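Every chain is named by a letter (A, B and C) in the order it is written, and numbering of its residues begins at 1.
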Amino acid sequence: MLQQIFNTLINASIYALFAMGYALVFGVLDILNLAHGAIFMLGAFTAVQAVLGWHWPLILAIPLGMLVGGAVGVVLDLVAVAPLQARGSDFLTPLISTIAAGIVFENISLGLFGPDAYSFPSGVFPQTPITIGSAVVQPVDLFVIALTVLLMIGLTVLLRYSTLGKAIRAVAANRLAAQLLGINVARTVAITFFLASALGALAGIFYGLELQDSISFNMGGSVQLRGLAVIVVGGMDSIPGVMLGALALATSETIGITEIGSSYTDAIAFGLLFLILIVRPSGILGRGGSRAV
Amino acid sequence: MGGLGDAINTWYASNNNLINDSGLNAILALSVYVMLACGLLSLASPAYMAIGAYIAALLSNNTGVPFPAQMAAGALLAGGVAFVLGLPLLRLRGVYLAICTVGFVAIVQIFFNTWTPGGGGNGISIPAATTTWQIYLILVFLCFLLWRLEGSALGRSLSAIRLDEEAARSLGIDTIAFKLGAFALSGVLAGLMGVLYARLHYYIDPNTFGFDTGLAALTYVVVGGSLTTIGSPLGAILITALPEWLRGLNDYRTVVNGLILLGVILFLPGGLVELPRRLQSLAREGVRRLGLARKDGG
Amino acid sequence: MSQTPALVELHTISRFFGGIRALDGVSMNVRAGTIHGLIGPNGAGKTTLINLLTGFYRPTSGHVLLDGQRLDGSRPHRIARRGVARTFQNVRLFSGLPAIDNVLVARRRGTLHRSFGRLLFLPGAARAERAERAVASQLLTQLGVDALSRRPAGNLSYGDQRRVELARALATQPRLLLLDEPAAGMNREETDRLGNVVRGLIRPDRAILLIEHDLPLIMAVCDQVTVLNFGRVIAEGPPAAIARDPAVIEAYLGTEDDDAQL
């Protein structure tokens, strides 16, 4: 039981980090970045390439992965998103744009790394099992959970107290007003993309650390959909909402796996998604979702 | 004359699959188009396609129901499912609705993966029946219908809903009814395509009916042109045939797809149908500039 | 004072948004064949009232009657079909469509017949379509913008867009026409011309509710004026009486409304 709680927490951490990326971008732009799954993948690949190919220690590979992920996010903004914002498009066009970008990223990865699945080498994290009550965990598991919690706290502090955080919240609340207040909206959005993508990349690295043979060009696929489930369930634009959504999803998956079997984890994510949206279109904690009238 | 006939026959023989798939993809693209026409992004078409395909499989393998009746059955059932799906989904805002359609596809795919009468994950074989003529006859007929509707009062109403739903409602347009109609029509089109697909490829399995297929269909519509009927088949045929033309780039097919999509979205939002007009105005602009330059230069 | 029965009756309408009382016990009668003005400082509740009349909000309490039948609680498109049309404060045309199509969209008669008849190339359907097109064209002519019929609505000047939007609203043959600040952004001369146009829209079976900040326009065209402030009716009567009403003067001068030109 305790073991399952830990498993749930690990999954929830990855989902939360990933979904946070969606939430941040959606907050400032009202669009869903569907290239996020590809960035998740690029973060993992960068880290594993650093460790396997260049023999970097993990402690350096992780920030590198986050940096590269963040940079790709900024490029995505500059090339595929910001130009459309200037043009004043509907919600559909930027969405398709990010989908297209995601496809391009995935295929660049396919070209560079081929279709194979990669793993971090086994020595990269100390492998001494730690016993907590009836559960046995690895140091990497605790690392994932702890770092995620720290980052969530850090993000909350950043958004609430720092100048950048206030700028982000201003742009999220009312883009025009923020501009009138002298905030450089374009730069704030780009920084938001950086943050969001760095978190997504970290989620990818964690995913690669936790699961053997999981790093491949299309690893973003199922996580992408789960991330959507998380923000829909938790609400598109609140940090506690994302955490709650991630926990809810991870919990239902754990329960579902034990009850129904692991081939249905996708169905669980979507079943939950459907149910929540139909019963409460604004998500559990957030706003937006239903139409006015 | 015999030479031309032979040439056509050879071309057809060696490009058979491509021609058929292009036609089928065109119909699937239309299914996405009718949703976009009233402002809804739906990636649910693969699910409707699956329903049509499995209906065809079951009816072919277990009953003597003739092919045309199978088409009707698949189309109507898929249309009904789409309508029912639309009922709760229309309460949701654009992005959320799109997400739910993706979820619906996943759920339907999982369902067919475990549904033993349909062969589950192993798929199921079906006697072949679809011919290229049938595909293209149906495609042309559908294009004609949709094109006529596009220029009609109903088509205008749909455009109005897409452009400003609240204003449309203030004019007495029952937007919910229209959108439900679009859902149903989308289901009918994709369901019909599913029947044709199943009896062309004589084997189906749930893998075909996933997110990627829906995404591809969206690409056809956006690239070809999402504002008129003709854009969808144009985009479908072009993109399906593209790997053939760029045979050397076959490995990069998906990247090319992605790049094309990106390029169109960024530079030609109306799709390829807009290209002639865009080129024309660019040319006019160019001539104008040249004309001015010459005058200044003296 | 006309004795025709009220076309639209508002009975103690209240609309609360959480703690905010956007409308508080508003009662009002609008008579057919008249132009009824609705004025008040910003935030007084005017737009809420229009949104309520068109069905985008339900009243928190009270009810609305149109021709003696309940209007509130119906869905917006049903209310529109009963003959309530509006123009928007920030013009909401279908910018991708030509001007004439904007007006045509509002012609809902025989839509199904015209559309499906077009599929079958039925001559009757084509005739009906041409007839509706003629009506739309005539409305554009009436408002002086028929030369722009084929232009995409988004390419028109602001003033022309307003005229097309008005034609579109008229195309529904409304019993109640709601004009939401039609003179916004217009200079004196344009406003006067607008006043003539609005006066020309009076019909014995039609009521016009004019929301405006431009008080000279209100004074010039309205038969009755209702004044709102903080969601309440603070005065009602003919324009001349309103101009002298101390409560009205205080409401405007008290909030230092630049537009007050009594």
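Here, a contact is a pair of C-beta atoms (placed from the backbone, for glycine too) under 8 Å apart; a residue touches a chain by one contact, two chains touch by 3 or more.
Being a predicted model, the structure only gives us computed values, none of them experimental.
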Innermost chain by mean C-alpha position: B
Relative to subunit B, chain with the most remote C-alpha centre: C
Centre distance in Å when subunit A and subunit B are each reduced to the mean of their C-alpha atoms: 31
Interchain centroid distance [CA atoms averaged], subunit B/subunit C, Å: 41
For subunit A paired with subunit C, centre-to-centre distance based on mean C-alpha positions, whole Å: 48
For subunit C, residues contacting two or more additional chains: 56, 76
Of all residues in subunit A, the ones touching two or more other chains: none
Residue ranges of subunit C touching subunit B (in the complex, touch as defined): 54, 56, 76-77, 80-81, 85-86, 88, 92-97, 101, 104-108, 111-112, 114-115, 118-119, 129, 132, 168, 172
In the complex with subunit A, residue positions of subunit B that touch it: 36, 39, 41, 88, 91-96, 98-100, 102-104, 106-107, 110, 113, 211, 215, 218-219, 222, 251-252, 254-255, 257-259, 261-262, 265-266, 269
Subunit B-facing residues of subunit A, complex: 31-32, 79-80, 83-84, 87, 89-93, 95-97, 99-104, 106-108, 110-111, 221, 225, 228-229, 232, 263-264, 266-267, 269-271, 273-274, 277-278, 281, 288-291
Interfacial residue positions of subunit B with respect to subunit C in the complex: 145, 148-149, 151-157, 159-160, 163-164, 166-175, 227
